Amino acid sequence: MFGVFCYYYSMAVIKVENISKHFGTLKAVDDLSFEVQAGQVFGFLGQNGSGKSTTIRMLLSLIHPSSGNIELFGKSIQKNRDSILEQVGAIIERPDLYPYLSATEHLQLFAKVRKQKIEASSITSTLEKVGLAHRAKDKVQTFSLGMKQRLGIAIALVHNPSLIILDEPTNGLDPQGIADIRALIQHLAKEEGKTVFVSSHLLSEIEQVAHQILIIHQGKKMVEGVTKELLDPEKRIVQIKTTNDELALASIRTGSFGKYILARKEGIHLKLPTLEIALLNESLVKAGIAVLGIETKNSLEDYFLQITSNA
Amino acid sequence: MWSLIQIELYKIFRRPRTYIAFGAIAALIVVIQLGLKIDGDAYAGFLMKDINDTLTVDGKVLNGYLICYILLQLLLVHVPLLVALIAADMISGEANLGTLRLLFSTPFSRTHWVLAKFIAASIYTILLLIWLAFLALFVSMWIFGTDDLFLMKSNYVVLIEQGDVLWRYVGAFVFASFSLLTVTSLGFLMSSLSSNSIGPIVGTMSAIVFFTILSTLNIPLFNVVKPYLFTTHMNNWKEFFDIKVNLNNEAIRGSILNIPKIKTSLMVLTLHIILFVTASVIIIKKKDILS
Amino acid sequence: MQPKKYKNIVCYFLAFAFPLFLSVNLMAQTDPLIEKVSQKLAQVNDYVAEGVMKTDVAFIKASLGKVKVYFKKPNLLKVKKEGGISLLPRGGVSLTINTLLNTKQYTTIPAGNQVLNGKNLTVIKLIPTDDNLDWVISTLWIDPIEALVYKTATTTKENGSYEITMQYGEYAKQGLASKIIFSFNTKDYKLPNGITLEFGDEDPTAKQKALKNKKGTIEITYSKYTINQGIPNNIF
């Protein structure tokens, strides 16, 4: 209900402000901020080890942030953990389950930790939803990785949460399984009005379902935007290298090209209509900044691969 | 909270490992009972060698009560190791399995989960003890019958009347439950420190063995620390079977020689339990769940 | 454990509860006082005695226990503790009065009179004439007026010395004691910690006890005798 309330009032279901997490000298997440609106499918992209799971664990209060604030449903997760998690369903990384329990027993077990009573029929329908009804009574130790993944999703859904956090939900699934999960995510958002936060290391998996995409690398936000815009074929991603990137960035920000900035890494990355590339070059030259090169990317995929491939 | 305890108990008793301890205790007890049934007179004769020089003992010395005492002497040293098998796996086992993050992302605080897990492990421990009591006491009473309890201690002999024995066993088992719960809480603490199963189990067993050795060695250096070791106090269930005598050297029915010793031991064990569990809660609350 | 052997021991020991019951006929020829004692004892064909037994040995903690003692002529004796383990002195096997006197292989030596607990008693010593016997000397303290034996002391070759003291009350006319005290020497008792699995502090009273002399006593105080009512043989 609270999720629906948030939706109508356009509140952010997830609001992350400047969170960082250090493990010794390692910065797993570095000053990350983003918002997820109610009813959205939010794609959280990054390579393995980029800080996705650490961020998700912080959202679920499994990891304490070194700094920054996290709000879910408009409340601080630190202060209102229990009431918030009542409305959240999640799978985190691998689908680790109890090998000696069956699929039904898993759902019965996790249904018990919810305040509202969960009917047996709801357990059955959840298993049907993830395509596991035929193996309901089999022990998990006989399950394939894909089946475990489906059961993990079922556990996340069994209590009908408003916010569903799925960390790499298609890991271990075959192409049909991936398509099924994709359809399920779309169904959850469109038909049931749920907010879905889904992480992946593959853009191709996310781009078809996510309204919004955030790409992180080495714990830092690289790109955030509406999927449609990021994938707009009319716009090109360009990487500009200048003699003074800091000055160039300041100049772009103050001008009309500021809205196209994607990231600052080995130059400046922008996504802008093809026709405006020449205008951008011209404005920089006018500002007295020597442009060393402008490289255009063919797709978001290329861009994603580039920023995440070389650290 | 009750639902969490139910969940934890459900998981404990769905695991095959749980029944190893029950099976091991049953096997050990049956083997000892069988041995004593077949060759118990020789064993009793060996124990009573010194007494037989002076006195003849008429009656059923090797009765169920004495068998139970012998069994407890032998087993209460080893049962802690079986308790560690489950207790030390309660948190780390789930961390290792990866299910801890599932539990800790439910709308119950970590403190709730840790306490529920500890209570479930404690219930397992108590059930193990009840199983031990059933086999060691009641089955022995059934096999060997009952009579006065003729206890041969290191320096003297205690003859406790039949009607004065059973309540002492109740006391001894209650005391033993505190001993074993101390082991449970130690295993639990170890479990909260690790993300793999084997480490805490081996760690708990090693700690028990190490401290037991310190407690039993009569070396002045160790005697200083002995009163503070839980292992020193764990064996004081035996105090329920020592009896006061009056000025005429007549044993006083229903008396216990050293009640303060029992109280002190219970206090030390309880303090250990509180300390270990509190430490576990604090550690888990502060811990980042990375598994 | 050898139950039959212990039965014998118990029987022999408890013979003192009904002292000199067989000595009557056997000793009569040798000593007029023993003849008198024997006549008194001859009145009893059987009895069941109820009493309380107390074991006082330094290394033993035992409570008082109710016992029943059964006797039937000529020499049947049985002690039954009411549901429990009884501790009886060892070594009395061949040293009870009946066995001493049954042998007839002794000589009696009058040893004068002695005052014991305010009573003037006649002392008679028995010395075995057969070298194979286990005992070397036995002394009896007898009240010449009442014809009651108040004390016996026997020295053995292997099992030390034993003393039996008797007190009389309501059943003195039949020569039955109201209390008997069996005193004997005890040996050291010690079991290794490795066997008892006791590693803690020692009992603080243990050392104190060790200082006590190593004399052990077992007392039976009789509260009631049922005499000549007949006892079936299967009791024994």
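Letters A, B and C name the chains as they come in the text, with residue numbers starting at 1 for each one.
The criterion applied here is as follows: a contact is a pair of C-beta atoms (placed from the backbone, for glycine too) under 8 Å apart; a residue touches a chain by one contact, two chains touch by 3 or more.
Computed from a predicted model, the values in this text were never measured in an experiment.
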{"item": "Arrangement of touching chains [line / ring / star / complete / other]", "value": "line"}
{"item": "Central subunit by CA centre of mass proxy", "value": "B"}
{"item": "Centre distance in Å when subunit B and subunit C are each reduced to the mean of their C-alpha atoms", "value": "46"}
{"item": "Gap in Å, rounded to a whole number, between the CA centres of subunit B and subunit A", "value": "51"}
{"item": "Distance between the centres, which are taken as Cα means, of subunit C and subunit A, whole angstrom", "value": "96"}
{"item": "For subunit B, residues contacting two or more additional chains", "value": "none"}
{"item": "For subunit A, residues that touch 2 or more chains besides their own", "value": "none"}
{"item": "Sequence positions of subunit C contacting 2 or more other chains", "value": "none"}
{"item": "Subunit C-facing residues of subunit B, complex", "value": "41, 44-45, 47, 50-61, 73-74, 77, 147-148, 150, 152-162, 164, 215-216, 218, 232, 235-236, 238, 242-243, 245, 248-253, 257"}
{"item": "Contacting residues of subunit A [partner subunit B, same complex]", "value": "57, 60-64, 81-86, 88, 90, 92-94, 96-98, 100-101, 105, 109-110, 112-115, 155"}
{"item": "Parts of subunit C lying in touch with subunit B, wherever the complex brings them together", "value": "1, 3, 5-7, 9-10, 54-65, 79, 81, 83-90, 184-193, 195-200, 202-203, 205-206, 209, 216"}
{"item": "Subunit A-facing residues of subunit B, complex", "value": "3-4, 6-7, 10-11, 14-16, 97-99, 101-109, 286, 288-290"}
